[in-house]
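Given below, in the form of structure tokens, are the structures.
Paired with chain B in one complex and with chain C in the other, chain A is shared by the two complexes that follow.
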Partner chain A sequence: MAAPVSLQVEFGGGAELLFDGVKKHQVTLPCQPEPWDIRSLLKWIKQNLLKERPELFIQGESVRPGILVLINEADWELMGELDYKLQDQDNVLFISTLHGG
Partner chain B sequence: MCDATGDGGGCGADTEPPRRRRAPGTSHPRTCMKCGQGTAALVIRVGDPFCRACFREYFVHKFRAMLGKNRVIFPGEKVLLAVSGGPASSAMVRQVQEGLSREAAKRLRFVPSLVYVEEGAVRRQSPEQREQTLAQIEALLQATGFPYHVLHLEEALELPPSILQPGPGTSGPSGPSYKKAVDSFIQQQRQDGDSGSSLPGHSSQDTPAAPPATRGLPDAAQTQELLRSFEAAGTATAREELLEMLRTHLIVQTARDRGYAKVMMGDSLTRVAVKLLTNLSLGRGAFLAVDTGFTDQRHGDVMVVRPMRDYTAKEIAFYNVFFSVPTVTVPPLFTKHREKPSIHQLVERFLLGLQEEFPSTISTVYRTGEKLSPEPAKASSESQRCLLCLCGLDTEGEEELALEPTLILEEPEAGAESKAAYIPLLCYSCRLTFKELGPLDTLPPYVRAEGQRRIHRAEMEQNQENQESSKG
Partner chain C sequence: CPCVRVPVAAAVPVSPRSRPCPCVRVPAAPAEGALGFPAELPPLPARSALSAAEILRYSRQLVLPELGVRGQLRLARSSVLVVGCGGLGCPLAQYLAAAGVGRLGLVDHDVVETSNLQRQVLHGEARRGRPKARSAAAALRRLNSAVQYVPYRAALRPRSALRLVRQYDIVADCSDNVPTRYLVSDACVLAGKPLVSGSALRLEGQLVVYNYRGGPCYRCLFPEPPPPDTVTNCADGGVLGVVTGIIGCMQALEVLKIASGMGSSFNRHMLMFDALEGRFRNIKLRPRKADCAVCGDRPSITCLQDYEAFCGSSATDKCRSLRLLPGGDRISVQQYKELLDARAPHVLLDVRPQVEVDICRLQHALHIPLRKLEDKDEESLQRLQKRIGEEKRRTDDQTSVPVYVVCKLGNDSQKAVKILQELPAEEFGSVLAKDIKGGLMAWATKIDPTFPQY
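Here is the complex of A and B:
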């Protein structure tokens, strides 16, 4: 049983427009049997934070191509991407590099 | 790219496409491939981890290398930087700031100003939201310390018809050579002695001393007129093209009026790749090199330069996060209810999706674009130059069948200004866009004025020819 995890989740580059224009979100992920990773965080975001048009943010179980992910200001490609195990007080930043739509 | 490993995971067998196939980062923290010491902060290209310090050096060097290699920005020259508030142009401004703050030997030696085109009207922003965006942008522009100009897209309605003609003068090799310009600049500096001024060349009088006060938003009537043009356009693709055209013309006119011979635009490598395939799909194959290349000389006196085209969108985004480069986000161009997405959007989605599985897709498209020549875009005379994009007409010698989709056949009323009469003035691609734009009275006045002038001129020439041939 994993303890609740507190995170700062941020959106930038236009991705915030899908979240009521709010860039910074303090979130607390509830207890769950499995440890939280980015994969399960994305599911949680889709259910709890995303206001509209999830297809503009999520594709399959990952983010849509063109959206970059930074974990504690480092490229998620260095951290195991979807499999990264979230720690308490982590900062996860999603930046859209898409032009429009 | 299929690494079938014998366990049935060959091409097409997967239901879920395999995402990046790099080694999972179990061994993090990884170290920088460049210095071998710092903790890697991002992966550029495939599998090249960089630490922050090395990434910064790499990024800053690339900008200087781009300008150094191409040698088109002369020392002391006034350069207008087109800023949208987006990531690439904001990073570009930061590179110029970096370059100007270097020690003398390495300092960039041109004189920058900024220009911003406010497009809230066509991005469905309320007047309050527009004011808000403007305030953010002005704060960003002011913080640079460079002179700046703020324009509204509505001002495109007042552009002079002459923006559709190349300006007189320095195009190509007729201008002074780079080396000569540098030599005379250095001499000039010696003569100026140790006046110790940090900015080279120009007296400060020709740049506005105080930033121009924003004159508030344009009249509601003008906004309405502008919106009418965009709403009359039948497709999202045509609207994108219209916006791009109006914005470019506004920026080039500003440069022309105020004596800037160069305009820097912030197209990134990713954007260039998307633009290459987009413009190919739009029928602009002949003009890809000028539409996306480092230099674009179609406007004659004002050269458009794209110094950011070596940076991927990812590099730019990371640079901006790491080094706190401020950006301002604006909503995208409006679309109509249940409308198909523009070709621009489709191509972007397609390329980025492909890139996800095949990480060299975008750089391959970009590098292929490098091989193209700007020659086909050159126009020999006014009658051979596209009214809208100023490129050389690519319709000559085409078989009639190929041009058929570009013709406008239905137009009953005679005598009145006819949309069909404009078709011969346009290149293949602009014909297609023009057809999707609204009726003539929804076009920007400068386009109509210049179009009418050319139509009359063509008629007169035709009449003269007829007279001469009847004499003979």
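Here is the complex of A and C:
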């Protein structure tokens, strides 16, 4: 049984608009048999934080193209992407890329 | 005249109004298919010393040991292609010109509009309606006449982009749309040029240096384009001029560091700026991806493509016109004006966000933001029903009361009509909803010229 995990989940670049405009969320993930990873965090976000239009944030089991995931201020690609095992007090930032100028 | 004369690809009739020192004049792309770009630019001459006038002019930066005479001479021999002369391109070009870069290529197909002036600080009121590339060149020439300016009054196109990018040392992406960002990045990979990319929206900005010293390209980070309906432009989302200014200046700084030999700090790093929190964050990015389609070990993209098709959107930041409803569910602003003049019973429903209603509104409209309709907000739906009921009573239940839905441009209003049409009839009765094509901006241009445009 994995212990509960406390995270700071942040949204930026406009992704926060899918979450009532709130950029910072203090999140406690409950105990579950498997350790929490980004894949299961995305499912949790879809069920608990994201109420409307999930297709603007999630595609399949990952984030939609154009959203960059940063774990403790580093590109998730360096950390194992969906398989990264979340640690207590991690910071996970979902940033929508901007195109305006 | 310190400017170079460049042979122009097509014969250009010289306008009698053009001044004697026009630098490199580039004709506007006359028609689809013609390349509005000059033939090869001559290389900037290598120089071994600064003149006394240059020493005086650049003295405050020459005494910086990180730059020095060596850096300044490198700067003077560097050419920079600025893609987009808008909110990012204006401050970028301004600081690079002031610092004494050798040559600035200025690409923009657009003309200066009133709503640009809040952030595109090289263009003045008197320049409205003029091509941005030339307006920028004129303003920069007043600032530093020793720099060569090459305005290109055309959009960067897959056909011509590579030839253009090859003629410059560094590229700055100051564009405003997704297809252009992929085009610029691919062209930089194929031409082997570093790309200093900036973007801004609302109160946030981002900066990355791509394709530099073995680092990633744009496609390494974003192999797939975002779905078109998740992309917001500056007209819809808004942007603060200071934010584009800060990111444009940061881009200028990185260009200057690369050109002068200091090297960039944002290779494999993204700078994220949140103006509301006053926070800069420096994010460590992935290295170049071995399986990247363009910069990878076995690239599948070896020439430039159709980026509008790839992204499913057009290479401008102009607002799109959606067509979600059949013609019978829509009326024109002229038809609505006739209904209004005939005092036909109806409810006008404005579905814009509150912040836009505060800018301007039609006084008789009921206001429920689209977001509330999407959430099926009970209080909002009750207000709508109450208003329909009042209107019915006013006409002694003689007629049905249609709901005409309006927004800024006629996109959100169609979404709202769909929602209203799908409300359960047993609960809400049947709501006859239609949308007003072109929205309040069509109202302003076709019916009431005193109505504000934004």
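Here is the rule we go by: the second predicted complex is superposed on the first by the 97 of 101 C-alpha atoms of A that agree within 3 Å, B and C clash if a C-alpha of one lies under 4 Å from a C-alpha of the other, contacts with A are read in each partner's own complex, and residues count from 1 in each chain.
Convention: a residue touches a chain if its C-beta (ideal position, glycine included) is under 8 Å from a C-beta of that chain, and two chains touch if they have at least 3 such contacts.
These numbers were taken from a predicted model, which means no experiment stands behind them.
Student: Would chain B and chain C fit next to each other on chain A once aligned, or clash?
Tutor: clash
Student: So, A:L49: does it touch chain B (first), chain C (second), both, or neither?
Tutor: neither
Student: Considering only touches as defined above, state whether A:G80 meets chain B (first), chain C (second), both or neither.
Tutor: first
Student: Just to be sure I read the superposition right, which of the two partners does A:T97 touch: chain B = first, chain C = second, or both, or neither?
Tutor: Touch partners of A:T97: chain B and chain C.
Student: Quick one: classify A:L70 as touching chain B (first), chain C (second), both or neither.
Tutor: Both partners, chain B and chain C.
Student: A:G13 contacts which: chain B (first), chain C (second), both, neither?
Tutor: Touch partners of A:G13: chain B and chain C.
Student: Tell me the contact category for A:V27 with respect to chain B and chain C: first, second, both or neither.
Tutor: A:V27 sits against neither chain B nor chain C.
Student: One more residue to check, A:G60. First (chain B), second (chain C), both or neither?
Tutor: A:G60 contacts chain B only, not chain C.
Student: Quick one: from 98-106, 206-214 or 422-430, give me the piece of chain B that collides with chain C in the overlay.
Tutor: That would be 98-106, the one stretch with clashes.
Student: Could you tell me which stretches of chain A are touched by chain B in one complex and by chain C in the other?
Tutor: Overlap of chain B and chain C footprints on chain A: residues 12-14, 65-66, 68, 70, 73-75, 77-78, 95, 97-101.
Student: So in the complex, which bits of chain B are touching chain A?
Tutor: Per the touch definition, chain B meets chain A at residues 16, 19-20, 22, 24-26, 28-30, 39-43, 49, 87, 270-271, 274, 313-314, 316-318, 321-322, 327, 329, 331-333, 335, 341-342, 344-345, 348-349, 352-353, 355-356.
Student: Across the complex, what residues on chain A touch chain C?
Tutor: The touching residues are 12-14, 51-53, 55-56, 64-68, 70, 73-75, 77-78, 95-101.
Student: With touch defined as at the start, can you tell me which chain C residues reach chain A in the complex?
Tutor: Touch residues, chain C against chain A: 84, 86-89, 174-178, 181, 198-202, 204-206, 221-227, 229-234, 237, 239, 244, 270, 272, 274, 281-286, 317, 374-375.
Student: Going by the contact rule set out above, which residues of chain A touch chain B in the complex?
Tutor: So the residues of chain A touching chain B come out as 12-14, 16-17, 60, 62, 65-66, 68, 70, 73-75, 77-81, 83-84, 93, 95, 97-101.
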